[in-house]
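Heads up: the structure comes next, in structure tokens.
Per-chain residue numbering starts at 1, and chain names A, B and C are given in the order in which the chains are listed.
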Amino acid sequence: MTETTHIPVAKRPVKWGRVMDHSILILGSLFMLVPLLMVLQTTTTTDLETIKNGPEFVIGDRFDDNFMAAMFKASGFSGENTGLRMLINSLILGIGFAIGKIVIGMMAAYALVYFRLRFATLAFWLIFTTLLLPLEVRILPSYEIAQQLGLLNTYTGLIVPLIASATATFFFRQFFRSVPEELVEAARIDGAGPVKFFIDILMPLSQTMIAAMFIIMFVYGWNQYLWPTMVTTEEGMYTLVRGIKQLTQDLEGTNIPEYGRANMLALIAILPPVLVVIIFQSWFVKGLTESDK
Amino acid sequence: MAQVSLNNIRKIYPNGYEAVVPTSFDIADGEFVVLVGPSGCGKSTLLRMVAGLEDISEGALSIGDRNVNHVDPADRDIAMVFQNYALYPHMTVRKNIGYGLKNRKTPASEIEDKVQTAAKMLNLTEYLDRKPSQLSGGQRQRVAMGRAVVRDPALFLFDEPLSNLDAKLRHQMRIEIKALQRRLGVTSIYVTHDQVEAMTMADRIIVLNAGRIEQIGTPAEIYHRPASTFVASFMGAPPMNLLTAKGSGGRVTVGETISVAAEVADGPVTLGIRPEDIEIGPTCDIPFTVDIVEELGAHRLLHGQLGGQELTIHVGKDVVVSAGPIRMSINPDAVVLFDAKSGLAL
Amino acid sequence: MKRAGFATRWLPILLLLPQLAIIAVFFYWPAAHAVKSSFYLEDPFGFGSSFVGFDNYIHLTGSSEYGRIAKFTVLFTVLVTFFSLALALLLAVKADNVIRGAKTYRTLLMWVYAVAPPVAGFIGLLMFNQSWGPLTELAKSIGWDFKLGVNFNDTAFAMVLVSVWKQVPVNFIFFLSGLQSIPKSVREAALIDAKSSFRRFWDVTFPLLAPTGFFLLIINITYALFDTFGVVDTLVKGEPGNNPMTLVYKVYVDGFRGNDMGGSSAQSVILMVLVLALTVFQFRLVERRIHYT
């Protein structure tokens, strides 16, 4: 046994800087979170209660009812745009958009980075010019073209025009260029052709990048508003985010607005992308911050 | 096994930059040839043209008796070891080594046999199921070697394979690679910028500078009879002393100091002498001032001035010297003379 | 291109084809179409159109309404960009300081990234609900009779607030990742050289964050100009009336609602030029000024 002498340690002073840091962070977090909590609260009470008292610090018992109403009761006239239908459409848009973007982007980026192509520079500029002009500024002619091609109220019309920008291509191009050059050389000496190299080497190496891209693109697709608003007029084709427009109009028009159902729908529109971002946070942040370098 | 022959091989890029001027040499079956030169001298480009990773602009390349100018890298019967190993990061050591065989449609059992044999040879057996990220630098280097060995190629190509290793490991791997090459007897081309690697490993050295061959020869020839001032100063550490001298009347003199008999035309010449070909002692004929003594344990290097020109002398560990005036003399047989303008040996 | 690219001829073309086809149909065609129709006046009843040269542009420059909207858009962009950058920087610096709870703060401060702009607008509608919205109540308590959708300034305030709320997370993520990529050795050197944390921030951290900040500046301007469409549309409840609106929203209102294809296209073209100028400016400045590596 050894005797330990206790040297008196100076009492650590309270770090006011730390307290300040945490206070600011808590205030910031509340700024972000309070609106969501309010929406949550109103989904648990009756509409009348909300209209009478506004949001309160009480958790009601109407969550189930509101949820069922949101999922299965249709707004509008056709009776087709139930929450469930819109949820399915949103998923189709989000997933279809993400997959389409990644597949097309990877293919194009692979062609640009790994092949000796005579018109590579031209193709590069044609593709990357699309990064400059957002869909919003060419929305009307895009709509006309979709109309001429008979794409209104179709999933193709909903998804494909949104793919017409090269964000994923640009991202994968950056990533492919960072893959050590010797790998493709070693693979060539090992007898791997372009297809084999892509499948055996490049795809496995890109796994994390694909995942990150999928998350970003899923969120982006899910959250689309203007294009779906224009291209879908049949209620059965509405997505949740598109349906928000109708919700606001419903709330305006009626005597007893259905806040419970409407806010529940808003919640359903928020949750899937938010959960994806939170659960796959590290991939998502990596993908986001690396795509723009 | 095969001999390799380069006939007027040239590399010129679309932008007009000539990386390799037309170059010819032959490599005998089983020979270990080292291409050495400073960075940007075209040595890697030359190697990559042999590998088929870079197009040959002009000239003919044959491996064995076959012209391979337009043959795919995979079909040239070669294996290559890269500077940063180029291991496939997502594959185990076993898969890394076997990938080339798999692409050649070798039966799985045969691949396993060959991988096992190669792994044993390189002390990798216990690491076969690891990924490259779980290996040390030296082990990764061995896996890269294994990937080359397992293909049983006609020609090994090494592209600065040791430059990512620390000094100690580099020394060890140098010996291992050389021993392995001896054992397998495979013709090899080895690219490096490290003159020590070149000296110690090569059967024959090819010194390149600015896309041009400066000299081809055995390590001893290159070291003792450099063909140009470039080779003289590139090979050897410390490099050969190069002194401005003058020829007149069958003698070459450096100011009032060195004077050797030589049949050269009158006029300026460059006199080369290796640091270890200079002796010191009280009976020597030339005065010399030592500025700095570098202690290296096994020997010492004396840096100083000889009539206003810098000179380095190599002395044994038993010779005790301190800064100040001493006397020295040179071995006239070891003197190499170069043209003062072109730098070529006379 | 990699030095040792594959020499196969047909494969890269095949790989590029889907990308090129999509951008040809849904990017270049609509963009060209927008430019073309900006020189035409379309019959409101859809019976053909006639070439009017620069009339549409001349009309726009003479329009006091367009001028007013342009002015509002500039003000809106400046406010949104400034506040979302400043708030995000503050929060990122604090989040980078603390160790305890760092991950929780990060999650709480970034989840809003995944909320769609119109849904954010919808939540804004609830927060500013005329009869019970918590923010309306709060305003009332300080004597501010907040009237969303009626009072121009109040609506503009709500637009800015919601847009900032939606944009803080992206900026936060980038600033935090920028802070974390400052080498530890640099921080330690600063710790030895400067005693005050405020000095360290201004002299070392802030300049090193400048590239991130500049990149974000452009991102935020683009966001405020285009991506806030959903926020604006929801907050004005689809009824522009006398409410504030942005230039992009005006394109939509004139073209889709008002059937003024020519005028709307001319506005699109003006926005295109604006974005292109912004991008060129970005490349120029990024290349020249703020670069440390």
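Keep in mind that, in the parts below, a residue touches a chain if its C-beta (ideal position, glycine included) is under 8 Å from a C-beta of that chain, and two chains touch if they have at least 3 such contacts.
Everything quoted here is computed from the prediction, not taken from an experiment.
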**Complete:** Set A-C beside A-B; more C-beta pairs touch across A-C
**Request:** Return the chain whose centre of C-alpha atoms lies at maximal distance from the corresponding centre of subunit A.
**Result:** B
**Fill in**
Taking each chain's centre as the mean of its CA atoms, subunit A sits from subunit B at a distance in Å of 55
**Asked** Counting in whole Å, what is the centre-to-centre distance of subunit A and subunit C, each centre being its mean C-alpha position?
**Response** 16
**Asked** In subunit C, which residues are in touch with two or more of the other chains?
**Response** 3-4
**Request:** Hunt down the residues of subunit A that sit against at least two other chains at once, touch-wise.
**Result:** 185, 188
**Prompt:** Which residues belonging to subunit B are in contact with no fewer than two other chains?
**Reply:** 48, 53
**Item:** List of subunit A residues in touch with subunit C within their complex
**Value:** 17-18, 21-22, 24-25, 28-29, 31-33, 35-36, 38-39, 42, 50-55, 104-105, 107-108, 110-117, 120, 123, 126-127, 130, 132-134, 136-145, 149, 160-161, 163-166, 169, 177, 181, 184-185, 188, 193-195, 197, 219, 222-226, 230, 241, 244-245, 247-249, 251-252, 259, 263, 266, 269-270, 273-274, 276-278, 281, 285, 288-289, 292
**Request:** Would you mind writing out the residues of subunit A in touch with subunit B in their complex?
**Result:** 180, 182-183, 185-192, 196, 200-201, 204-205
**Prompt:** Where on subunit C is subunit A touching in the complex?
**Reply:** 1-8, 11-13, 15-16, 18-20, 22-23, 25-31, 33-34, 37, 87, 90-91, 94-95, 97-98, 101, 105-119, 121-127, 129, 131-134, 137, 165, 168-170, 173-174, 177, 197, 215, 219, 222, 226-227, 229-230, 233-234, 237-238, 248, 251-252, 255-256, 261, 264-265, 268, 271-272, 275-276, 279
**Asked** Quick one: in the complex, what on subunit B touches subunit A?
**Response** 48, 51-53, 72-75, 78-80, 82-90, 99-100, 103-104, 147
